[in-house]
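By written order: A, B, C and D. Residues from 1 in each chain.
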Amino acid sequence: MNWSLFFDLTVSGLTLGSLYALIALGYSLVYGILKLLNFAHGDVYMIGAFLGWYALHALGGPVNPTFTGAVVLFLMFVVAMLGCGVLGVAIERFAYRPLRNAPRIAPLISALGVSIFLQNSALLIFGAAFRDYDTFDLIGVKTYNIGQLFFSVPQLLTVVAAIGLMVALTLFVARSRLGKAMRSTSFDREAASMMGIDVDRVISVTFFIGSALAGAAGVMFALVFGQIYHFMGFIAGLKGFTAAVLGGIGSIPGAMVGGLIVGLAESYATGYLPQGSTFQNLYVFALLILVILIRPSGLFGKAAISKV
Amino acid sequence: MTGDATLLELKELDKSFGGLRVIADLDMVVKEHEIVSVIGPNGAGKTTLFNLITGIYRPDSGEIQLDGRNLVGMAPHKITELGIARTFQTLRLFLNMTVKENVMAAQYGHTKVGVLRSMVRTPGARREEKEIHRLAEEKLGFFGDRLMGYRWDQFAYSLSYANRRRLEIARAMATQARILLLDEPAAGMNPRETHEITELIGKLRDDGGYTILVIEHDMHVVEGISDRVVALDHGVKIAEGSFEAVATDPRVVEAYLGLRKTETK
Amino acid sequence: MEQPPDTPRIGVDEWVASVEGKRERYTGPRGAVLKRWERLPPAARVLVFATPAAVFPFLTSGGNLFRYGLFTLVYALLALGLNIVVGFAGLLDLGYVAFFGCGAYMYAILASPQFGNHWQAEAAIPVVVVFTAVVGLLVGLPSRRLLGDYLAILTLFFGQAFVVFVNNANRISFPFVGHADLTGGANGIANIDPFNFFGYRIDSTRKQYYLLLIAVALVLILLMFVNESRTGRAWRALREDPLAAEVMSIPVNRLKLLAFVFGAAVAGLTGAIYGTIATAALPGDYDVGLLITVYAIMILGGFGSIMGIVVGAMIVNNIPKLLHSSANARPLFYGTILLAILVKLRPWRLLAAELGGLVAFGFAIHGIASAAYPRLVDGESIGSGVSARALDHWMLFPKNPVKIADVAYILLVAAIVVYPQLSRVWRAVLLPPLLYLVMFVWENLLLVHIGGATRLILLGAMLVALMNIRPQGLFGTATVEIA
Amino acid sequence: MRRRRATALATLLALGAALAVVAAAYATPERAAAPSAQAGSDAALVKCGKTRTIGFMAPVTGPAASIGIQQVHWAQYYVSTYNKTHKTKFKLQTEDTQLGAPTGTAEALKGAQALAGSSNVLGVVGPAGSNEIVGVTKSLMDGGLAWVSGSSTRTSLTTDGTRTGYMFRTVPPDAIQGPTAANFILKKLKYTRVYIIDDQETYSTGLADAVQQVLKAAGATVNRDGVSQQQSDFSSLIAKIPRDTQIVYIPWQLPPKGQAFGNQMKAAGKGTIKLMGADGLYDSSFASVGAHVYDTNFPLNPKSKIIAGFKKGHGGDGEYFGAPTYAATQVVGNAIDRACAKGSTTRAAVRAAIRSTKIPAAQSLIGVAIRFNRNGDLSTLHKFGLYKSNGTVFVPIAG
């Protein structure tokens, strides 16, 4: 066994997986409450990456930052998460809320419209060119290793931050008043509103959190892989979506595990399977189909018993 | 009036959900042209019983026989084709189809023309289509002017609650079933509508020739229609017999009527 | 929805009132036209649309026929197939364009130099259609167990897998046959033969157009017939409520498969035709983007509305092209806005006040800017002519608008989101500045990028707006969903 | 009431759309070419007038917009400099092909048909992608139009004989670039452990195949992989590259992707492995990865005034990927001028003029004279230029 390769693949898989998990959480949260596939979620993630870029450059750029690297990083995350959160709330307010009682497919289409709109607005404003983060200098391009286990600072940062955010979210949903309101709304929206829960507010908060996580993922992606462009949301959104479904859409731990599985599967497929990088997506899809066929509601999803 | 031939027979039926036994060791017989009411408090397993009979759930053990033929394991649509049709407590009409289309759609099972033939409208296809229309109108006609005439082309969602219940029954009739399973046909109705439904159920048996198994909470209705009453509690049959016998059975009173009698009567 | 139990009007339905209302409403010329339309037999309805379409080639040039006519029909045919799966049967199939690709590749294999096959069309088309139908069946099989969103994800992946497969199939060695370059990999399969029916070659744009017109008309009629048959009703029933459908003697699984198979067959046919138009089967042609386009068509047209699809195809194929030049785009844009205001703003006094306010606001801003910030007015509008020059005295045109226009754009998006939340009075007061902002962004940013991002931005915004106004699509009937 | 108004609005919109379609079909100047003109347009006389139209096909929008924009800039640069110094003017009729976009080659096809049907278009610059060319071949040839591409490199496009006399290109095919790169790796660098990664697009797979073939024939250890062009996370792929690999060859077409790949190699601790790109990556952003980066490109003339002028006009940015499109525009413009000597011309004449193009090295930014061989390839270019990064830009080195 080539341990070095295995470690490398694992590190890369975990990094990617954390990002997918963060994106998947957004899908899952929204799906849990509204039973809606938010197609525009991937594009929110893209906007997050761009907001981070603007924050970085407003703070003097990667080479001569106004503050120390850590502060700049922190501010980048804050800007991206807040910005995306507000964007998410606006999207819900404008594109989904008027359609609560419309046929199921209408909000899907509306979401599609938002996705096209965001993607091309980014093209319009940011331009078609790729933008570099160049933060390799800011936070150090140095690679550390423990034995044969190589990892870079951004990778470590991504995994740690992703896990931190997810723990925080889990606690929030489990402990806080709003979190409880979210759970009850997700369980039965009408009953929740009868119990005096402001459902609209809960939904707004859900969108805010999900989108903020996507924004954070966008910045992390750019820190690790260095580059952003207006079309980047689509593939990431698809993978996040896959992760959410794999883990059981609507379930928070499901999204995390699903994300990590997709990331690792992708990485190992690339490394070990024939023509791995070429057919990478095919392998991931095969895995997904397998999981769905065995457990139609995903790994952590509850099997819905249709009430007759 | 009531024939002697057994039409539907349940033998030692069992069903649990995640350790909770919803139907336990149930035996039951429905004879031809009989109206049998199933009563019991909420959670007694009444609707589950219907789901088992119509094949939506598969029993853990036991048999369901229609005319001596075991239905267990058959797909729901197959069971309906063999002659058991139902309505839903929660009303599950095809809301965005017209009244008449609802009834026509339910004739799928006993019609034959395939897609390709209907695409080119062969004479056979036209004939069958005409027959479907005729039958639908006949079934809707059963409800007097409630579902007649210009209402045929209205969408089902535009119907009042009571008419939706009627349409569900008409839809079940259109499958050419012999047994109708009516799940709380009078739920949510006012006294006058309830009275109408009671009369209708009698008419279904007398004029329509249907055998009827009905779940009902309203004791007026149960009293008015039942040849026989079966009381369930926690999936167990606790009493069976005439309305009077069951209603005065101490176990039933304890389980159910003791709490409810004053409210409903 | 539910009637309170003690309402005095027993058994009287809400719709009695609504029916009476509707009857009244359908008077006048519009009512007369609608009534006529409803009384027409399906074949005649198709004729109403097919006649102008048949005349179209004589009115325009080859390039226009290709761009506006041919592709409208390709998309219409494709969307008709999708309509069977999604519109009729209610199955969210996101891998649909893969069937389109299957059709094109299959025909390419049968009739191109790739394998030296040159089949006649009358033999190749049935083979292609049956082949894609079988693929549809295979994809449909696992779908029997899956509901809604899971079906969506599975089919989406089928679509992705298809693209990856055709893009890389040249790298695969198959068992038994060894290496066979089935799809030409990234290069695709070139030089596909035109259809050859018993020696008659469909090789010009006009011939292809008529072939497509016949295909669309035929599929339209067939679908109308199916829609009014037991299968059509069963599909709709299963769309409405699969469980109730199953209990009402409808074999839901078989009908789902049937919908998949027929949808795939139509897509396969379209694919073969498209293959002869593009003269090549290229892997990039069958990706998610096309799926979005086809969905947009079906949605605009209205779910389950067969005639609506044709109109949807016209809109989606042609509007973006019309917007291509600023000469067309400007009147179209302002026309739409004016129309929206005319419809929305009543009474006319308010309308006049708002428009007057807009004009005044423009002059005021322009006056202030030219006095205080001359940088804001030292550019000029795109295009020439009196109207453009007049605009220069009213609208701000910075010489280098890039940054300020970007900011204005973001501001505008924010304003549009916030605006509906305001009270009526504030909305009335803020309308002129908002409209001015819209025009500023349009003139300084959107119009500049009219060949690029603008068109798609407008498409996206249109989809959102349409869903807000009419969730059922332009021609769909209103649907009601129970929670 | 509200619904009724919405219905009215929807109906109006639909009617408006339908009307607009018909109106547009009438209004566009394409009507000049009568319906039957398509076949006859080959020999149809066109008055040249003061302003001559060059058809231009490029991915202005869509996923490949970042390279499309470069081509637009270079083509426009030619037109604007030409128009400043000449009495006759050129105009570009741009058709957006949206390479790699939603509706696939459909947009390219429509664009080609529009150009073919637009009687004042005399020649075409573009399209960018090899697959697009496969798609539009019939449309353009039916219209009698010649096209000069500045970026399609699939060898077979010119050699398979289907487009002879119609297709030309100002960028040499894979058959020239591939061996140049392979021989450099084998003979100059003397490397034997090579990793090749294509980006699954037609340009890239073609080049990768060509290089792999030569390397394998010489007995080198070659690993081959492919990665989707849409991907920007390469970490797992990088993990797979053995640490004793000497050079990674990535013939991709998006320089920023090459840059990201290089940076991620460094981040993974594999920054010592050499990298090599092809003309698609010839850009300062790829060069900025470090001094261990090599590249092949058609020899640009660094002293060319054209390049200097372009840089000045575009904020110092080279955007070299678009440079051959300048040459392509130059070829078409030049040919139209010659064909128009008598005031009117035909598309056939323009084709012939392109075929006989002779632009001297001094006026050409690619460093050599521009002439075409029988197939439509540059006859003056047999070898690619080799470059090595100095950390920020590529500098030529000896092959």
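The rule is simple: a contact is a pair of C-beta atoms (placed from the backbone, for glycine too) under 8 Å apart; a residue touches a chain by one contact, two chains touch by 3 or more.
The structure presented is a predicted model; accordingly, all values stated were derived computationally and were not measured.
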Most remote chain, CA-based centroid, reference being chain D
B
Report the chain ID whose CA centroid sits closest to the centroid of the full protein CA set.
C
Euclidean distance of C-alpha centroids - chain A vs chain C, Å:
29
In whole angstrom, the CA-centroid distance of chain A from chain D equals 35
Quick check: how many Å separate the C-alpha centres of chain A and chain B?
48
Measuring centre to centre with CA averages, how many angstrom lie between chain C and chain D?
31
Mind pulling the chain B residues that touch 2 or more other chains?
56, 88
Residues of chain C that touch two or more other chains sit at 168, 171, 243, 288, 292, 452-453, 456, 479
Residues of chain D whose C-beta touches two or more other chains:
61, 65, 200, 226
Considering only the defined contacts, which chain C positions touch chain B in the complex?
1-3, 5-7, 10-15, 18-19, 222, 225-226, 228-234, 236-237, 240-241, 243-252, 258, 262, 477, 479-480, 482
Residue set of chain A touching chain C in the complex reads 31, 37, 90, 93-95, 98-99, 101-110, 112-121, 123-125, 189-190, 234, 238, 241-242, 245, 249, 275, 278-279, 281-282, 285, 288-289, 292-293, 296-297, 306, 308
Chain A-facing residues of chain D, complex:
61, 63, 65-66, 68-69, 197, 200, 225-228, 230-240, 243, 254, 256-257, 259-260, 263-264, 266-269, 285
Which of the residues in chain C end up touching chain A in this complex?
86, 92, 142, 145-150, 152-154, 156-157, 160-161, 164-165, 168, 171-172, 243, 288, 292, 295-296, 299, 303, 406, 409-410, 413-414, 416-417, 420-421, 445-446, 449, 452-454, 456-457, 459-464, 467-468, 471-472, 479, 481, 483
Of all residues in chain B, which touch chain C in the complex?
54, 56, 75-78, 80-81, 85-86, 88, 92-97, 101-102, 104-111, 113-115, 118-121, 125, 128-129, 132, 146, 150-151, 154-155, 157-163, 171-172, 175, 188-190, 192-193, 196
